[in-house]
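Pasting the structures here.
Here subunit A shows up in two complexes: once beside subunit B, once beside subunit C.
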Partner chain A sequence: MNAPLARLKTVAEAELENQFAALPAPDPWRSAAFARFAALGLPNRRVEAWHFTDLRAVMEQALPLAATNGTAPQTAQRGFGEVGTRMVFVDGRYAPAQSDALPAGVTLTRDSSAPEAHPDAMVTLNHAFAQQAAQIEIAPGTVLKAPLHLVFAQRAAATAVFSRVKVKIGADAEVTLAEIHTGLEHGHQVNSLVEIEMGDNARCAHVCDCEAAQSLCVLGLIIKLGRTAHFNSFAMLDGGQMVRRQIFADLIGEGADIALSGLMLGRGAAHLDTTLTINHAKPHGVSREVFRSLLDENAHGVYQGKVIVKPHAQKTDGKMMSKAILLHDGARMDNKPELEIFADDVVCGHGATVGGLDAEQIFYLQSRGIPRSEAEALLLEAFAAEMIEPVENESLKRHFTGRLARWLQARGGRA
Partner chain B sequence: MAADLETIEKVRSIDVGEYKYGFVSDIESELAPKGLNEGIVRYISAKKNEPEWMTQWRLEAYRRWLTMVEPNWARVEHDAIDYQDLHYYSAPKKSPGPKSLDEVDPELLRTYAKLGIPLREQEVLAGVERPRVAVDAVFDSVSVATTFKAELAKVGVIFCPISEAVHTHPELVKKYLGSVVPVTDNFFATLNSAVFSDGSFVYIPPGVRCPMELSTYFRINEQKTGQFERTLIIADKGSYVSYLEGCTAPKRDENQLHAAVVELIAHDDAEIKYSTVQNWYQGDANGKGGICRFVTTRGDCRGAQSRISWTQVETGSAITWKYPSCILRGDGSRGEFYSIAISNGRQQVDSGTKMVHLGKNTTSRIISKGISAGHSQNTYRGLVSAHRKASGARNFTNCDSLLIGENCGAHTVPYMEAGNPSAQFEHEATTSKISDDQLFYCQARGLDAEEATALIVNGFVRDVLQQLPMEFAVEAQKLIAISLEGSVG
Partner chain C sequence: MLKINNLHAEIDGKKILNGLTLEVRAGEVAAIMGPNGSGKSTLSYIIAGRPGYEVTAGEVLLNGQNLLEMEPNARAAAGVFLAFQYPLEIPGVATMTFLKAAMNAQARQRGEAESTTPDFIKKVRGAAKDLKIDQEMLKRPLNVGFSGGEKKRMEILQMALLAPKFAILDETDSGLDIDALRIVADGVNALRNRERGFLVITHYQRLLDYIRPDSVHVMARGEIVRSGGPTLALELEKSGYAAYSDEAA
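Our next item is the complex of A and B:
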């Protein structure tokens, strides 16, 4: 038993293999990516980064790939803020008919160059399967007032969708990006990857919205920040069979600043996972990660954050916080805030809390004549809304506030 | 900053410093041949005159071990350990066992004197009203002398080498051995189960408050020996015991292996306080030599309202792999973990705790202070989990790291798994260097940089030092000073 046993393939792994074999002449680098994935297999509990999210167990089968050609689907995107430029991706492919005209300074091209090999199995799988990468380039110095909406819509039910978008933000450019995953009501398997490269002094405000309904989603975000670049992001994940959001951020320029936040709203048997790695490679970097979770019924929340400070990345300032409220006996939260520090002149900290609603706060409100169910709703709203507050774009903020209100309303007056 | 540079310079020049306990005692000892096989396991068992059930227990562990793979998840790097290149048994050679201290080899007593164990004085002072400590000294693998045995027997406390307990109290050993750390637990625990040579056995009967602190000194003397001691402490209903463990090992060039297992069992309302000061040889400035410790220590709060508290001061060893844990099974039980882990030179520490909340209204508290200097790596790795039925579980965790010098690393890997809505977990961790403001403040009041650093470091670890029993607190303070010599003045 000292020699590793030959790993048995699961049904889903075998299906993926067949699907890949059936692809018409993939680029050699895609074949290489698939070979790397096949060697890794679907992530499972024995892979440290996936310890709490056993994809191998959950993903019983690999759904058929969404057809790459077909009639233009009906408009799938919802009214998501009135202002903005929509770029719609249907089943992973750019759909110009539904998209708005691109503003000045923004270009869209197809990119088929080989990406850098990535250690994560699901990113590697995306590299192997994503038919084409859309590359959005924002010219240096461009300041976009209206947000760019990247709308990922799914068409046919029960299909697998792989999408990959690269965003290059030139030096001194400013942009708001809204990543919207929609049309997930019919049991899809989504593997999306957004890669953002930021030039020196570029600014990007990013939001991610995923109402996963009945789908299994793996949402990847790879960010590289140049010198004094600033990136902030807010994500709302809710529902779904399983949503795993993974962020890999590299602060490769001096003085880069990243702020990640998110709200996970889980009920039913939802499994919501946010896993992130922040890599401080240069001095004077700043990172803030603040995540909150509300978990009801049998929902399972996972937060894993890893802040790495490389040698010489002195004067790094890192703070990480994860708070979760469990609302039901079946709910569960796993937290793993990790620090890995190789430089001495740093200030890094993390905190994490898990608990139920504070009985004293409820008592306080009740003693002032507010019924228990309302008191709970108030406290939950306050807890969650605080995360949405920093979103700068008003129409996006309204959208998220509405989503939260709907979620809380659906919870009703249940104690 | 100038003061910092000065400190770093000093650390570099002194680095690991002179290892105070790096001497080799010239005592004839009896060695098992190198290597590990069923024959060696039987040889150890035969040397101990063990009954057949014990031999079988060991053999079962050995066979299990053969199927296991050495774990590699910890943040430690070391050369591959050749398990066939070690002596698994080494005993000081002497004909009949010592009946009293007078019969103990004077050379051995001198060794203890160098170690600072007040074995002899303690017996002389036995009648005097003073804090007293009963010592069970484990030299290499054999327990040499247990003092105060008679006095302890009066109140019904059993404190003896585990090899003796196998004969005198087989029913207790059979019942409890391996009940907290099962034979199959992990690679190193299983290895220990197969080849453990000695260690301490403590049983506190119901309602008894152990009249003195119990203490064991471990020391690895012979070259290329592994030390595999096994400690088993049982606190029956309503009893209390405080146990101290101190470890030193002489200077050797090759890495020596240490794989110990400690099992604590606390029944209803019982309390066990387990304190460790560990100062084993950490290797030289280039990371050559030193002790590799892979230790499995776990306590089981089996009874309601029971309590187990771990306090550790880890300053030595090239590699420390140690996670004193509490299984909070009894309703209302409490687990505590207080730790100071100091690493300097090329030391690697991967230590932490596990608090597994199973019973209702269980509480736990974790305070961990890591200080990392020189080229060392210091990792806190901990788990706090609440089972679905562990309603009212409560945990507070605080782990702080202090970095001294730019070549060291400090890492935190906490796992928090909450499966119950009424569980309340709080975790906070910080990593920083000594703040310039603090240093400036102290210096502005006339302290020099070294004194100021010392003051700040002492303040940093104070929460934990306060948890140590008096006898150990003094030693621990000295050790901290030695370990950080140059950086804390």
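Our next item is the complex of A and C:
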């Protein structure tokens, strides 16, 4: 009577299975990863970390895998700003002809070693399908003034793209990494994974830009921080059918410091999700998570942040804040900040707000002669621009400021 | 200049103004005094156009123009200025950006040319100097982290730059020490002229030692219950508001 029922596969899950079976001789660890994925299935609302982002329901089909060779259109290859070294990945594969020469202290190799098994289904699916993991190594002590641009470009066809890049930042090295997802206007399914390993005292300023247009994107970021390593990141996500950004950070060295921030700009029926887990494993770690969302029309925003403080991670200092402004009755935000603290000598806090624009502030500006639509635009820009302000690299900051201005402009003077 | 006729207003069904009538002529500084809860701030907000109040009867005319039919920004462009009792903090908007937006918006609505950037900066610097406002403050987000006195001086700076026809000062003296009060009062007095009208709302007589009014009106229970010359303020200072409070009614 209680015989277990085999879980019914969705069309997309069955297609993924067929696609994987058709791959020519994948490494055994890739087959093992796919088997783990198949057991988990596509993430859905019953999986706690995916409760608000039901990928199984949204992903009606699995698009065909992108062909293994190709050239992205020129427009999709540009990084942003003129300053920096571009490393272009076309449909997930490194495209040397379209990339710049690597600066001294930076090497790129192909890595086909088995990755550590990951509990998340979409990371696991990436491990199974990503055909080529690129490994970028930054030698210890290397200080790169110009940013490294990781440009993920897609060709003009609705395909599935899996990309996996590992970045090893040696001890005492300093780098600015710009992760740019572009060419997404043709309805791709993107599963990207960036894994960053930071040596002791390394510093990394990271930005991520995803103008997802009509694509479904799952952007994974796995970070391991060594002793007194410092990682900060700003991400701008907008548009699209669905963007899920998930960050898994492990502070494995004492005194590591991580600061994650982001701006989600949603309109239409966009679904934008930032989900992160910060794991404080050693004492004296610092983590900051500050995210803001502007949601218009029927957009749906999700922020989930979990900060875990392990028993030995005394003197951990953690703060998390998510604020959203809803610009329309149809817009919605789900905030879920969580703390799991197993140490007793820590300072941790979190907060979340969802609301409209402040009516008192609007009246104050109006009372000085500023028309309502202009007052709203000023306040929205201020709310969002405060997130961009800390980006240190000027060309990257200009890029994001321009993107924000265009997004606000497209909104026009509507109330 | 400003004519308020039989103004009745309520908020959430609660009556605040009960047939208030008042006239302020061009060049006149009229003071309104009254106990807490008499509706003084409500009156200033209704003139400026703050949402949330329901005007059930009456009118407010500025040089014959009915303000109550206009958006708050249109009222400002027509010459109304309210110095807030509690100026709002606007994070992320630099004070200079805000000042320029306000001046340009008013110029646009009046069909005037916007001032050029060098001209604008010169004006702001001059006005800031008079009010002892540090240049650094102008780069900071509007009112964020400003002290009470700094916020009030910033209100007067805005008034000086926007050069309104009619200015309302809502409890501008509250929270000011004597030095700050003097700076603010000097700023206001410098703007007095034959065309400009002022409505100075205050609970205490002290402010009126520095900004000498032409007329004093006592407000209680949402209407003007007594009007007189400057000596009325001194009289109130002695006798208090007991005669006008609800308990005495």
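To be clear about the criterion, the second predicted complex is superposed on the first by the 403 of 415 C-alpha atoms of A that agree within 3 Å, B and C clash if a C-alpha of one lies under 4 Å from a C-alpha of the other, contacts with A are read in each partner's own complex, and residues count from 1 in each chain.
Heads up, the rule we're going with is that a residue touches a chain if its C-beta (ideal position, glycine included) is under 8 Å from a C-beta of that chain, and two chains touch if they have at least 3 such contacts.
The model shown is predicted, which means the values in this text are computed figures rather than measured ones.
Peer 1: Overlaying on subunit A: subunit B and subunit C, fit or clash?
Peer 2: Aligned on subunit A, subunit C fits beside subunit B.
Peer 1: Between subunit B (first) and subunit C (second), which, if any, makes contact with A:Asp345: first, second, both or neither?
Peer 2: After superposing on A, A:Asp345 lies in contact with subunit B but is clear of subunit C.
Peer 1: Taking C-alpha centres, what angle do subunit B and subunit C open up at subunit A, rounded to the nearest 10 degrees?
Peer 2: Computed angle, apex subunit A: 70 degrees.
Peer 1: Between subunit B and subunit C, which makes contact with more of the residues in subunit A?
Peer 2: Counting residues of subunit A touched by each partner, the higher count goes to B.
Peer 1: Touching A:Arg332, do we find subunit B (first), subunit C (second), both, or neither?
Peer 2: first
Peer 1: Is A:Gln366 touching anything from subunit B or subunit C once the two structures are fitted on A? First, second, both or neither.
Peer 2: second
Peer 1: Minimum Cα separation, subunit B versus subunit C, post-superposition (Å)?
Peer 2: Minimum C-alpha separation, subunit B to subunit C: 13 Å.
Peer 1: Looking at subunit A, which of its residues have contacts with both subunit B and subunit C?
Peer 2: Residues common to the subunit A contacts of subunit C and of subunit B do not exist here, since the sets are disjoint.
Peer 1: Show which residues of subunit A lie in contact with subunit B when the two form their complex.
Peer 2: Those residues of subunit A that touch subunit B are 1-2, 48, 52, 311-312, 314, 324, 326-329, 331-356.
Peer 1: Which stretch or stretches of subunit A touch subunit C in the complex?
Peer 2: 359-361, 363-372, 374-375, 378-379, 381-383, 385-386
Peer 1: For a test of understanding, state which residues of subunit C touch subunit A in their complex under the given definition.
Peer 2: So the residues of subunit C in touch with subunit A come to 48-51, 71-73, 75-77, 81-82, 84, 87-88, 90-93, 97-98, 101-103, 105-106, 109, 141, 158, 162.
Peer 1: Report the residues of subunit B in contact with subunit A in the complex, numbered from low to high.
Peer 2: The contact residues of subunit B facing subunit A are 67-69, 73, 388, 401, 403-433.
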